[in-house]
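Encoded as structure tokens, the structure appears first; notes follow it.
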Amino acid sequence: MSALLTVDNIGISFGGLKAVQAFAVEMRAGDLRGLIGPNGAGKTTVFNLLTGVYQPNQGIISLGGRRLNGLAPHQITAAGMSRTFQNIRLFGDLSVLDNVRIACHLRTRSGLSATITRAGGQIGEERAITERAMELLAIFGLGDRVDEQARNLPYGDQRRLEIARALATFPKVLLLDEPAAGMNPQEKRALRELIRDIRRKFELTILLIEHDMGVVMDICERITVLDYGQIIAEGTPAEIQKNPAVIEAYLGTADAPGVRKE
Amino acid sequence: MLRMKARSLELSPPAWTILPRNLLALVVILAIAIMMHAWVRPAVGNYYNRVMMDVGINIVLAVSLTIVNGFTGQFSIGHAGFMTLGGYVAAATTYYGSQLLWSKAAFFGGTLSSNTAESVFSAGLLGGGDLLFVAGCVLGGCIAAGAGYVVGLPSLRLRGDYLAIVTLGFGEIIRVLLQASGPQVTRTADIAAKNPFELTTALGGALGFTRVPIYTTQFWTILFGGVTLLVAYRLKQSSMGRALLSIREDEVAAEAMGVKTTRMKVLAFVIAAFFAGMGGGLYAHQLGQINAGELGFMKSFDFVIMVVLGGMGSISGATLAAIVLTVLPELLRGVAEYRMIVYALLLIVMMLVRPQGLFGVREAWELIRPLTRRMFGSGAKA
Amino acid sequence: MTKFLQTLMDGISIGSLYALIALGYTMVYGILRFINFAHSDIFVLGAWLSFSVALCAGWTASGAPLLFPTWLWTVLIVVSVLGPLLYVVERTALPALRSSLGPRVPHALAGGFVVTAAVWAWVLVGLVFLARATTASASFRPLTGVVILVIAMGGCGLAGYLIERLAYKPLRAAPRLNVLITAIGISLFLQNSGQLKFLFGTQPQKMPELMENKPLAVVAGVAINRVDVIGAGTAVALMFALEWLVFHTRLGRAMQAVSYNTRVASLMGIDVDRVISFTFVLGSALAAAAGFLFVMKLPGALRQPADTGWVLLGLKAFVAAVVGGIGNIRGAMLGGLFIGLLEYFGVAYLRPELRDVYVFVLLIIVLLVRPSGLLGKATVEKV
């Protein structure tokens, strides 16, 4: 079987700063890959490139044979790639349920006239959306908090709600940006199980940015390491742990540059 | 693409079947409107009748603005521009239409459009003039919606205050252009002789468009207000409405979750402008004239104030604010010259004491729901 | 050619007034990020104060000076009675209120602001008497205009100070929309209280001529009037003064710092509240100067305080600020001149009845092509 997501040699620069250079990755259906690197290495920028928030200066991104370059973020989501955000971006004033239901919107068909007249199966569609959202929330253990405002959820719940929301778009590829950030050890353990679980249940291909090495080494099959916008290593967790370039990037050497640009 | 469809939601589409349940709300609105017009109007007298019509018109405007400012979080302060545009179109339609059809611009409506008829059932409920009036309002709404489309386009590039300024600028441009239009043609023979296209520029200029036959009654304001509320409510309860709300909350995240933010923003402007145009039609046919000079941005501010005072995105809040802010100046009439000063001070104090508006972002019933749930258990599903 | 020069001159002299008003909008926006819709009413206040003080000083048509205009009494009574009252409230009732109602109860009364306002008001009253004295003496009579200008600027500065302390300061952390609505509330308040009988009344007035408006020179058939020269000169001088203040003084640097990043500025030990107050005073004073110069140039244009024509003038000044790049002081000056010229050339060479359209069309074009204005800097949102 050929690759589902192919990223070939993409790069972007802001002003003179080359934020990401020659980034390439190939993921087959069902892969779970980690993307790690020190702060400011360009990991989130890669996500922004993949999801269309930024347009790459060069290179090709394709999903299931379809080229994604030049598409708007919502088109990429519709094509089957969804994401979470490092700095949680929930719809804070809206209810937990609505947060997930919004992500179902792109799979709906009712237009304005159907919405206003409630005709053409609009009611059934609403019901289907709600059921779907409730199911997802139940999986994420948020089933009893559906009416709460998203901003009032505890931090860990907000992170999980973001994943649930991303899943509601029916993605083939899921990009998780530091899902474990701010979680306690117990929550992190549960999160690992959850990611394995949803991967199986929804037949997902997952690309994961994470700082917590415990999580990354445990669940990822392959890992890509980024530093200064460039790939410095690629391999299985065991290989990465032994790779001298990775160790140097993380620990630094005596003459390592002290200041990194964000 | 095929695979995408396979992954989309299971639908049960009995295509374009309008269930009776969907029409029930409309029937209820219609019934209320007729009853208010038939029994409440004669009972309360002219003054209260007028205030109630004002309330209805302001509800149309405030609730429609809620769709842009409250739901979508785009900041429009040119709403009166759409109102003016729709009002002129509607007024010109009935005035010139009556002249062309019946050779004079007089009242040709039924009892539902009459503020003077003793009993509603003394004559026909609707007349030919009503058809013209409603057509005029809808046409006004459509033209305003077209303008709303144009005004909505900058929202794709501009955010926050900058967008606000553009909407304000558009409102002012509409005003000035209408004030610079040619004089109103008043002689029936002249109107018949003119090319209908020429009449579209004969909108009265600085004097405003006058001698508009009066059709607006409580019936129409309640009907239009009710429909506006119904549309806003159904929108908010739907996937489409939630997509609008998501733009207000976080545009980047909304886009990432597959919401076509650009399209939805323009759509919000178009819907809001449509109802504002209809509201303008009601306004013109209530006063018997419409003057762009009186509908400047201060009028737009009135509606923005209603939206914010009601709570961003709260339909019930905007409705309540529209009622309060229409009735309040009337109550203050007793203190004549201090009226607006008191109003202004109340506004300032309100912003200091309750900055989130009457209901915050929620609806009145959402504030009550937790109470009922506690009382009756959590049986009901959202 | 004559027409061209005449239009150019009108455009510049009105444009410099737009620029003066625009500066107030732009400075407040630069620091607090909100559109101060009450600013145009400060401009109106400046115009009416100038008129009122001129009457009080003895420039009436009948020749007899008004002994004491009612607004003067009002100001004195308000400041002398309300001041101590507020002070007592602050000392007694406010702490109790705050503990029961939470942090939203205004902190606006804090500090010596009541005393400052009172002293300020009394100084202004003293200046009114100075204006009477200069009017009465033959040799100092031409100086009265300067005194009136100072009074108008001081009075509006005081008004701006009070508005900021009482209405905007408690909303520092509130959503911007709320601040905007408060600004509209203030605007309505100023307009309608100005209409009260014992203040300025509901009648349009005619400003007395403080100086003989004779042409200084005639160039290519266009008369260059004394009022125009002095007016434009004053406006330019004020702009230079502001430029110096903002870019070459400690306080100006503090203003720049606050406008760049309020939180960091306060961490750096800048008294942000003081800087904001000062910005309002400065902006209001400039608007007052514009009001004074406006009625000097067009004495018959002193319309009733709530007339919508005023608001439109203010709005155009605001457009000038946006076109120049809001938050940018030099941009506001440039934008003001630009708008003035555009308006007058549009009226002279295109259709005069569309005079307001030109300005707003320009606004929309600028915002679409270059949203940050002619001299503004673009900002990018970080994801």
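Order as written gives the chain letters A, B and C; numbering starts at 1 within each chain.
Definition applied: a residue touches a chain if its C-beta (ideal position, glycine included) is under 8 Å from a C-beta of that chain, and two chains touch if they have at least 3 such contacts.
All figures in this text were calculated on a predicted structure; none of them were measured in a lab.
A.B. asks: Where the centre means the average of the CA atoms, what chain is farthest from chain B?
C.D. replies: Result for max centroid distance from chain B is chain A.
A.B. asks: Of the chains shown, whose Cα centre falls closest to the middle of all protein Cα atoms?
C.D. replies: Chain nearest the centroid of all protein C-alpha atoms: B.
A.B. asks: Could you grab the centroid distance between chain A and chain B? Build each centroid from C-alpha atoms only and quote it in angstrom.
C.D. replies: Those two chain centres are 41 Å apart.
A.B. asks: Would you mind pulling out the distance in Å between where the CA atoms of chain B average out and where those of chain C do?
C.D. replies: Chain centres of chain B and chain C, defined by C-alpha means, are spaced 36 Å apart.
A.B. asks: Determine the centre-to-centre distance between chain A and chain C, using the mean Cα coordinates as centres, and give it in whole Å.
C.D. replies: Taking the mean C-alpha position of each chain, the two centres sit 52 Å apart.
A.B. asks: Show the residues in chain A shared as contacts by 2 or more other chains, in ascending order.
C.D. replies: In chain A, residues 53, 85 touch at least two other chains, as defined above.
A.B. asks: For chain C, what residues touch not just one other chain but two or more?
C.D. replies: In chain C, residues 383 touch at least two other chains, as defined above.
A.B. asks: Considering chain B alone, which of its residues make contact with at least two other chains?
C.D. replies: Residues 252 of chain B each touch two or more of the other chains.
A.B. asks: Where on chain B is chain A touching in the complex?
C.D. replies: Against chain A, the touching part of chain B is residues 3-4, 7-19, 21-22, 230-231, 234-235, 237-243, 245-246, 248-250, 252-262, 267, 271, 361, 370, 381-382.
A.B. asks: Which residues of chain C touch chain B once you look at their complex with the stated criterion?
C.D. replies: 29, 33-35, 104, 106, 167, 170-171, 174-182, 184-189, 191-193, 195-197, 306, 308, 311-312, 315, 318-319, 322, 351, 353-357, 360-361, 363-364, 367-368, 371, 381, 383
A.B. asks: Could you please specify the touching residues of chain B with respect to chain C in the complex?
C.D. replies: Residues of chain B touching chain C: 75, 154, 157-158, 160-162, 164-166, 168-170, 172-173, 176-177, 179-180, 252, 293, 296-298, 301, 304-305, 308-309, 312, 337, 339-341, 343-345, 347-348, 351-353, 355.
A.B. asks: In their shared complex, at which residues does chain A touch chain B?
C.D. replies: It is residues 51, 53, 64, 72-74, 77-80, 82-83, 85, 89-95, 97-98, 101-110, 112, 115-126, 128-130, 132, 146-147, 165-166, 168-170 of chain A that touch chain B.
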